[in-house]
């Protein structure tokens, strides 16, 4: 267990505990090491951001957590069980890097899908769908089909889909990549509020340093080939964060440290 | 009423008029029989149908029945309504074919599926191989369902029946003078056609023998009726033809020719004719139809029972 | 509307023109033989000698006779379109619908068996595909044998199947339906396996994160995603089912378009074969069109762009 | 009776064995992948043998596999001749011509909108023709030799191939087409670099259907007239003589040929469309 | 012609001239107005960024310019000809919002595609492919297939594909959305350098205000439903722009104006 891990009480029984996780993809021209010796533990209710150059294994790590990929070595537990058991217990809400809406369902139908699968009562389904569509500003588009929406709107729909049900762990892979700053700011605030309210443990991949700093309790900086963790930055910012916090010196200091970490990873390449 | 299923060798036509007449005129009913007639068709082997239990009695040619016997289906002839063979080889006269010897180096159409045996036997008696055209060989085609190969001169000769295909050639506008026919009867390779066959083990059951006796009796009544009333017989056949493809003219003519083949047969098998058939087959070519003289392949118990009571 | 009709009409007219033209060389030999019998002088030698000459050559040598006999023969090698049309008309409209000679009756017999076979076959195909997609053992073991089953010339076995089924007491429509089901299950199975596997890995991953059951993944993801494949293969399958029925009807000779075709062939009635063929094509086109109609309705209901 | 029970037991045992083999990641080994269908096939044959013996099915109805095997081995020379006549001469040449014609037609239909609107509906209608019905006509036109069989095969494979090719050529995403448009790519360039590769999965699908149809077509056509050689001829004439062991041996020739062709096509598909999601699993 | 358009000499014969361009999509439940009365002219060698909330019609406008969509009304010319003629003259390099690589080609093969189409000599093809792959840091992945790459790597490959050939007009639809800041900065610099060297007229869609300001000679702010231009901001920044320019007051002033414009668009919704 990492040194930092023992300092904070909630990490004594971490929700997510990765120890020396490595993953190698076999491809036609030789193996690709996507992750190497990744050790990390995430306590209940934490908001951990992952940042790192493209191809460094962020998506792969999230997929391991969600039991969509199996590490080649190392141990990974979620709530003390193996990730697949957690998956079967419906522990995850996952927002993929690409929207991936079903073309034969309307936006509304897409958002309702996980609720149908988890057998929410009909009335509650409608109510939840309406609420999350409202949240991502797509209320007017409930009846449209995915191909009738712009790229950013599709991405918002996929976020709504992941928020519609009550998963204790939220995995988000660059959810706001295709959104403009204004909407992004709004959704950032919304997400923080949701997180504060529900206490969902959140793993969040982003390429935006301010976003990572603004949202997280901890920021994990990764470097590529082989993907590994180069820095883990604790955020001393309070849980209550107005948007203006981004102009405070504390904020800028953390942002600076993240940027340095990132740059270091790049130089090594 | 006792049920009897009869499997014919070919499609519904005047070749089987006797059975249809007996059914239509109530001769079977009078004998207390409920008869179902299953028409045959290309590639339906009646021997197989009876082996599988799909029929009680079949109309079959003796060569095919004997071949089946060797393959483990113990067929027994119980009656033989046809006295003569109607099979022949029909050739274009203008090809210069006049005698069987002229067949060398020609293309001949032959029916397969069990009907090729008399032909093969004939060729081996003529000393002609069937592996392809040569001075001592002929080229054999598996003839389809019609006389086109002759009309279109894809073959120099084709197999025909005196009552059917031959007339189709004539109907196509060919004059009899343009054709040369070699009847198997005349070539000494005639085999018995259109006999009634049942499975040997069934004959152990007296009730079955009785049923067959009544069946044969009624059938022969049908044949007599058909011979006397060819037009009405043809009409009855047409009624039973579910494909709706036959014409009255053709069926009337066929009935006339069939009557000649039946001659004055009473239905009782002529043992000499049966022996001739066996001899022909045993004399077969390189690939003999039957390898040894069969035994017990016919019985008179049914015809005896049928006609003794009268 | 006009955008569709004009090209189709042009193509149809073109085909008809070609057809009439082709009938001249196709039928020239019989035309010349007939003319010769009637006493006309024919260039190109005797019938046997003419056999050696190409048909076009014969047409050029005897243009008048060739034209005269091209479109009017009783037993043409290639009947002219109007001859087929006349035969079609007389066998459809010229007969009481229940008569053995009515093509409508035969079409009805064939349609019944086709629908029964298609229903059995496509259902079996779908079930097999579902099994293959969900059960690894079935995928590995059944698929190769399903493929081999199609390389067995069932059509050649049709008479045997009829006999065997007959011997266990199955008669009438069912033996034909069995053959037609055998031919139609395969395209459906192959198409559905492909279709059920078409969702990309990410969509399945998404379902997995929700711990959707196999049934849910099937009903909510795989099945909708496979719909285009399903209909594509249903169209092939319904045509195959018709072929199966017709093949099954050849040996049985108890009515149906297949029996009709064989009878036509048996008695050298080429126009009768062609009329039955056209009827069968109309039937098949109608069935395929109906599948297309269902497809359009389904896809529209699923919000797919036109 | 014991044999029948034995057959049942064998079936269940094999099913269990296969189930075990394919669980728990064992199916990743190529040995298991080859073994499972073999076990399945062997079981089918064994059950067939046991049932035929146990129920005393007459050999004129269904011969036992062991008997078929004997006949097959004893008549390899004869069957080889049939194979050459029907498969090599009839089916494969017809398949090649039919597929080539369909591909050319697909491109024409794709290229000229007038043709697409005019020819495709007519083509759909023609395709609906039950090709077996055409076999007697083809024999009448092209004679008794392999040429008439090839003609039937050509007609039989043409449409499935055409439909698949046309569908495949249209199976590109809007963005992929847009990309080509921004390059100002010509029709032929778009065809070669985008639409043909995108169509490949469909083409192989069509090819698989066409190859099985080709075998069936060539064999069926022989029922309407043939030289005294060929798989269809063998089946028909042996069936008439109740030599069912020979019938099944001839069927085996057809099945072996068909499976081999199918296997080759599948291998080619795997090599050429490795990128398609359905091939990646 | 717009007032601002006449003030700068190069816009007298604009490369792209849009006048009152509107576009309405017909959908099952009523028409969607994606663009309304968009009037804009872009001079040769300009770098124009488009920024605006998601769904405001940025992509649609770029598609109109590239003749992938036809405006319902208004006139649009490119180099004085209609857009389709320009397309056939191979005037465009287009980077789509989604990578859209061909799955049957390797990364290298994808990048080579436009070169093959435009019949570049074989040797030059190889040389160009190597150069642009180097530029987007994918040299090691030339032989991989698209599905073996991470989302950001795919996006970089698609950028390389658009840069491989010499199109006078570059249309880029959120090309850097999936990239981390470091790579993004590097590619921004790279793009500016390329632009300075080649003088390509560039239309660039982004959601990042700093990015828009850093790159552009003009920034077009759009607002949604119906999509229209709410502001056009000229950048007084010099053509030579080190990354540090982003901390200058001029830069921040422009950024502020853009943000205000964006916010205004959002409030209207």
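Each chain carries a letter (A, B, C, D and E) given by its place in the written order, and its residues are counted from 1.
Criterion: contacts are C-beta pairs under 8 Å (C-beta built on N, C-alpha and C of every residue); 3 or more make two chains touch, one makes a residue touch a chain.
Because the structure is a prediction, the values reported are computed rather than measured.
Listed here as common contacts of subunit A and subunit E: no chain.
Each step here moves to a touching chain, and the least such steps from subunit B to subunit C number 1. Comparing chain C-alpha centroids with the centroid of the full set of protein C-alpha atoms picks out D as the closest. Between subunit D and subunit E the centroid-to-centroid distance comes to 50 Å (mean Cα coordinates, whole Å). In this assembly, the C-alpha centroid of subunit B lies 38 Å from the C-alpha centroid of subunit D.
The geometric centre of subunit C is 17 Å away from that of subunit D, both derived from CA atoms.
Each of residues 42-43, 45, 48, 52, 144-146, 148, 152 in subunit B touches at least two other chains.
The multi-chain contact residues of subunit E, meaning those touching 2 or more other chains, are 98. For subunit C, residues touching at least two other chains, in rising order: 77, 159-160, 163-164, 167, 200, 250, 265, 303. The set of touching chain pairs reads A-C, A-E, B-C, B-D, C-D, D-E, using the touch definition from the header. For subunit A in complex with subunit C, the residues that touch the partner chain are 63, 66-68, 87-90, 92-94, 96, 98, 100, 102-106, 113-114, 116-118, 145, 147, 165, 171.
The residues of subunit B lying in touch with subunit C in their complex are 11-12, 38-45, 48-49, 52-54, 92, 94-95, 144-148, 151-153, 168, 172-173, 175, 241-246, 250.
Against subunit D, in their complex, subunit C makes its touches with residues 3-4, 6-12, 15, 26, 77-78, 135-137, 140-145, 147-148, 150-157, 159-160, 163-164, 167, 186-187, 190-191, 194, 197-198, 200-201, 232, 235-236, 239, 242-243, 246-247, 250, 257-258, 261, 265, 270, 273, 276-277, 280-285, 287-288. Residues of subunit C touching subunit B in their complex: 29-30, 33-34, 37, 46-48, 51, 74-75, 77, 99-102, 106, 159-160, 162-164, 166-167, 250-255, 259-260, 262-269, 272.
Of all residues in subunit C, those touching subunit A in their complex are 200, 202-203, 205-213, 216, 220-221, 224-225, 227, 302-305.
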